[in-house]
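Let me begin by handing over the structure; questions about it come next.
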């Protein structure tokens, strides 16, 4: 019967709903200082550069677009017009394992030029977390954990979903803090297709 | 006190957790035929072309990457090597309002050349839904609804989050159906940064 | 013998060399007012938005990256962080035929919000040229001319090559005008991979 | 007087015309075996992956789009749906200095999995050239040469222009070799905006 299997869409949706509910619940109970430090790193940056590999990178682009809507000066590493990072800027990264080569190298470069680094990861003891000035540890499976213990989903899916949702929470809090109405933000949306 | 406000990160995470939980719960209870029809449209396509504007487009790219991992022949409209769509192909789209100009025009083109269209939208009576062969209606606020009635989040955020999570549920169901192990899928992940 | 055929690389390089030489020669002899007007449109803009379809769009991205190096505030339409265009901004476009749907619509939008439009095209009497405040007409085949009369190359190749080279000439003139040394520009190059 | 300065567009166009003419002339006289070997590496590949940093990467994307039009199976490293490279595939790269970190690492990975590498560079003795199975050496300034000796243009501009034009020559020769008419190629052009 369809509703009993996970190869139908309804049960798959419920599974993801439950996994996401658990992770966001855990995240929301992280120490307030850890969350506030992360929020402050974004709010205080001159410019924000987002950078992630694969699906984590796409998740961060979703966040970047919202931060642009909010009026922040935001760039996506690898897109055409991203300039050089410099002191006062923030590199906002996500890597489940905290070991992704290109992301760790970018964090090293950012640190070396005097910029700050904020990292979303599952691995508090990882090289990326070690380099970062603000870290949020997501209680989700990392990409290389294919045991299924932390999540029934494939590879880093739950982590990548968490980056989208955490990033949107970041936007939501900054938006509320800004006092801007939705109608004030709307004119910043791209008007050329 | 931090937990009473929404301009802190913890409360914002909880708010999104609850909104997402509600939408996914609603989605999982959609008629099984509607969900199965959508799943079948993807599974039966020769090739899948994903196309969305702004954050919906980024959400669909996350889905496209997973479908590629599963071995499907997938393209992102607008990326360099996306070819022409043709009969037997599927255009997989997402538009909260179902009226986004570029997406509706793409759906018209797809239909005109004999390809099929699958649409994720909040608006069952929209032009996009009218063109589509398979539709999933997401019970989330659409982008232009700035009343805050359906979601406390900004614009189409809840819809865009739903596209990510629904897309990953689509992948999860197709993966289970394929019988492939995680270790069999892994070698398809990009190995060049 | 290799040098007699065009299916070898050497003869193909020579053919392109000669076609490019002819087009750039013609371009360089355009009325000085036309060229100066185009240059001025870029130099005087608050922000520059580049937008083209397919290979023309990639050519304009190459130009956009250089304009960013020069210190201009530049955006690529369709990239994640491109904001809304507004009065004082310039939409810098390229379309061989001057009829590409998405580009003409974008030009209409730009004009409607009070921004200016600069167009590179082969068609002086096209809708795009009609909307533009500054136009450069490239004496190259347009994409849909498959007669081979204007160029032995495929479709709009010669036009697209001209956009790259004309765009770099635009940069070169603006750079000379700026008085900056190469060493002063260099630090703006992206330092994160 | 306008024609005496290089800060006007006409003289800048002529300067680029002359520099490009010189480089392409030099390239066309490279040993036929070197050119044929490069052409063969592309023609014989199961799939072609293009990869370059910055403007070199954009130039290679222009080439990739044309190779797709010709019917080759082409991917851009870093775009959403690029899969893993494997034996039988070709990594087509461009780096003026032949030392760009990400490109050299990608070439090492390609070699390590049994794929082939083709490189366009100004530096015959560089690490990238050393890894490559087919190399074309462009007689243009490399990016870090800011002496102005090889080109009056900024940084690697002349090299990047050469990648566009050489890539299009590659397409032209492969097209002639294929015997396809323009009308046979046209239907492969993207038909969704």
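Should a chain be cited, it is by its letter among A, B, C and D, assigned in written order, with residues numbered from 1 in that chain.
Assume contacts are C-beta pairs under 8 Å (C-beta built on N, C-alpha and C of every residue); 3 or more make two chains touch, one makes a residue touch a chain.
Per UniProt, the chains are A, B, C, D = 6-phospho-3-hexuloisomerase.
From a predicted model like this one, the values you see are computed outputs, not experimental measurements.
Looking at chain B (6-phospho-3-hexuloisomerase) and chain C (6-phospho-3-hexuloisomerase), the chains in contact with each of them are A, D.
In summary, the pair chain A (6-phospho-3-hexuloisomerase) and chain B (6-phospho-3-hexuloisomerase) forms a contact in which both copies contribute largely the same residue numbers, shared numbers making up over half of all those used. Each chain gets a centre from the mean of its Cα atoms; for chain A (6-phospho-3-hexuloisomerase) and chain D (6-phospho-3-hexuloisomerase), those two points are 34 Å apart.
Rounded to whole angstrom, the centroid-to-centroid distance between chain C (6-phospho-3-hexuloisomerase) and chain D (6-phospho-3-hexuloisomerase), based on C-alpha atoms, equals 19 Å. Chain contacts: chain B (6-phospho-3-hexuloisomerase) has residues 58, 61, 65, 78, 80, 101-102, 105, 189-190, 193 touching two or more partner chains.
Taken chain by chain, the contacts link every pair, so each chain touches all the others. Contact residues of chain C (6-phospho-3-hexuloisomerase) toward chain D (6-phospho-3-hexuloisomerase) in the complex are 2, 5-17, 20-21, 24-25, 27-30, 32, 35-36, 38-39, 53-55, 58-59, 61-62, 65-66, 69, 101-102, 146, 148, 152-155, 157, 160-161, 164-166, 168-177, 182-183, 185-186, 189-190, 193.
Residues 49, 51, 61, 64-65, 68, 74-85, 91, 102, 105-106, 109-110, 113, 187-193 of chain D (6-phospho-3-hexuloisomerase) touch chain B (6-phospho-3-hexuloisomerase) in their complex. On chain D (6-phospho-3-hexuloisomerase), the positions that touch chain A (6-phospho-3-hexuloisomerase) within their shared complex are 58, 78, 80, 101-102, 105, 193.
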